[in-house]
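Encoded as structure tokens, here's the structure I'll be asking about.
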Amino acid sequence: MTMEAFGEESFGDEPRWDAAPGWLAEGELAATRGRVPILYVEAVPVRIDPDGRVTEVGLLLRGSPTTGTITRSLVSGRVLHGERIRDALMRNLEKDLGPTAFPVLPLSTVPAAVAEYFPWPGDGLHDPRQHAVALAYVVPVSGECQPRQDALELTWMSPAEASSDAVAAEMEGGRGALLRRLLHDVGAI
Amino acid sequence: MTMEAFGEESFGDEPRWDAAPGWLAEGELAATRGRVPILYVEAVPVRIDPDGRVTEVGLLLRGSPTTGTITRSLVSGRVLHGERIRDALMRNLEKDLGPTAFPVLPLSTVPAAVAEYFPWPGDGLHDPRQHAVALAYVVPVSGECQPRQDALELTWMSPAEASSDAVAAEMEGGRGALLRRLLHDVGAI
Amino acid sequence: MTMEAFGEESFGDEPRWDAAPGWLAEGELAATRGRVPILYVEAVPVRIDPDGRVTEVGLLLRGSPTTGTITRSLVSGRVLHGERIRDALMRNLEKDLGPTAFPVLPLSTVPAAVAEYFPWPGDGLHDPRQHAVALAYVVPVSGECQPRQDALELTWMSPAEASSDAVAAEMEGGRGALLRRLLHDVGAI
Amino acid sequence: MTMEAFGEESFGDEPRWDAAPGWLAEGELAATRGRVPILYVEAVPVRIDPDGRVTEVGLLLRGSPTTGTITRSLVSGRVLHGERIRDALMRNLEKDLGPTAFPVLPLSTVPAAVAEYFPWPGDGLHDPRQHAVALAYVVPVSGECQPRQDALELTWMSPAEASSDAVAAEMEGGRGALLRRLLHDVGAI
């Protein structure tokens, strides 16, 4: 069992389809990762006021298997074979925020940003395991968030703090720039 | 007192600022309308399921002062001087849907469509009174809708029915095409 | 060698990377298709006037391997392992439109629509071979288009004709609805 | 005759319609500005590479009538009565960049951001003359730019420099934040 930097749950927890198994043995997933870009969804949980303005931004504190350090992260996970994007988004939000959080999914599946992660070093987003393409959303959440699995804690902070250089430096794979772009997109910063 | 096709409240109901009155005497508004494009917000109220999918579309039945006929309409109204777009959107939703409706405003003020109405005949959107530019949004609404003022009734229908030719023919000023565009934008049709 | 409905080039034409081969033997691709959603880009080529308004829409006439009939299609193809979305979009536009066409790629990689294709029958988009997720764009093209490979012809038509029921009936996998959504998104219909 | 901070041309240069004059005497415009929000378009001119990536950002150096200092500015101007948004965008680009610049207008009139300027001090965008609402776009430009009228110079800089704190401090009315948002929106920073 590994904790994975991209926010992926351990595979035993994933649903199974008989006709089209989204569940993959680790060897199969490793082979697949070398062949095609892997599709992810990512989400920034936010608190909003009654007028729809973002008041707080939620970031996960997560342990990284690659560096051993604690890093900040977005809600994130694979889109499984046969799974709709909305269902993948809701499943990963529930996985990372717990059963008492109530995410309000966007009306449209058009993402606020498309994040491209490459396994080789560069000036953009980076994922040492794979070429991943993530559809990224900002998702208002009400209720209480109780992170599960490998996420240690959910921290709420102001949009200004979330987009600070200090927080960007704590985010893995270059996601600080992605977070700023998402917060700009909704006018939160 | 006039009922206005664009869904504007009678002016006596508008808030007043001392420093910058959004309230205008009818003569002043008429003069202003001949000078600059007038900024509006428009909204399509929708019901959504827990996954964010649009299940129902709300259209207002409204009396038209220009034709005497009953027409279907979107939530609509002017952005007043000094008023934020979010506040104009919320004020007009409350005006047309009543105090027991709970609209969920979009995270971003970037509209789903920009609708341009011209006072002269053409192949696009038409408003006999003025050159109007409307920022148009799709807005999920929970609670109970009780239309007020000149709106007679709010009708909920499926996205397919709302985008039908029959409903488009009942919409004033060419808004049938605008409604289809908005429903396409959120993937509802 | 097969002609594929999704607009994918025959694999022998794909570029190779040594470190991260996007090229897959047919058996490997078939196995991969049963494991994860496959990422595609799709594009509607359009002609625009100097003001940026869409005047013509280009649709490919393409032979379908599954039905034997001739169908209309969008520019479409896989994002290869290690390939940027912009590069995949340009490569597939060149593949389908020829070397004398000059596509103007969008400033942002945020797509106009996200199209989800499932291998089982349903009321949405359908691809018998796989679960595919396509990022879809509208792309202005100047120069001369000379379709290559399995595309037989490129037909230019008005936005109204391209969004007609007759043309929708000729499009494979339910792409008529996708095309309408894309044309609505840019205000062409 | 004044040079205006919002980038508006002197009124004598504006086109006239007989039926619906967009041209206003200064007294009329002043009265109108106190009554309704005034609609503007704003644009960031950019240079792009063949793949659509932003390589350079153009900012105008402009004299401010309110402070006497030289400030950086975006292309900007009113939407006149009876004028389409596309036409207002093209007219203001030509006004600020000269006749040998070739802007490529966006396919959709949906803006990348909606900028709200208020005449009273606050934490957002500010215009001492009026309540203005600007539809803001990023516009690729080829050809040679020769600023006219009150714009003194057009400076091309990298996206990183354009979004720096130093440049933001030189921009009037808080437009540094707007510029960052627009550059984030197209993935340029």
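For the reader, a short list of remarks on this structure follows.
Lettered A, B, C and D in written order, each chain numbered from 1.
Going forward, a contact is a pair of C-beta atoms (placed from the backbone, for glycine too) under 8 Å apart; a residue touches a chain by one contact, two chains touch by 3 or more.
Just so it is clear, the structure is predicted and the values come from calculations on it, not from any experiment.
Among the remaining chains, those touching chain A as well as chain C are B, D.
Chains that touch both chain C and chain D: A, B. Counting every residue number used by either copy at the chain A-chain D contact, over half are found in both chains. When the C-beta pairs in contact are tallied for A-B and for B-D, the bigger tally goes to B-D. The distance from the centre of chain A to the centre of chain B, with each centre set as the mean of the Cα atoms, comes to 36 Å.
Put simply, the C-alpha centre of chain B and that of chain D have 28 angstrom between them. Residue positions 109, 113, 185, 187 of chain B are each in touch with at least two other chains. Viewed as a network of touching protein chains, the structure reduces to a complete graph with every chain in contact with every other. Residue ranges of chain C in contact with chain D, taken from their complex: 46, 48, 51-54, 86-87, 90, 104-109, 138, 140, 185-188.
By the touch rule above, chain B contacts chain D in their complex via residues 19-22, 24, 28-29, 32, 34-39, 78-85, 109-114, 116, 118-120, 131, 133, 135. On the side of chain A, the complex with chain D involves touching residues 113, 177, 180-181, 184-185, 187, 189.
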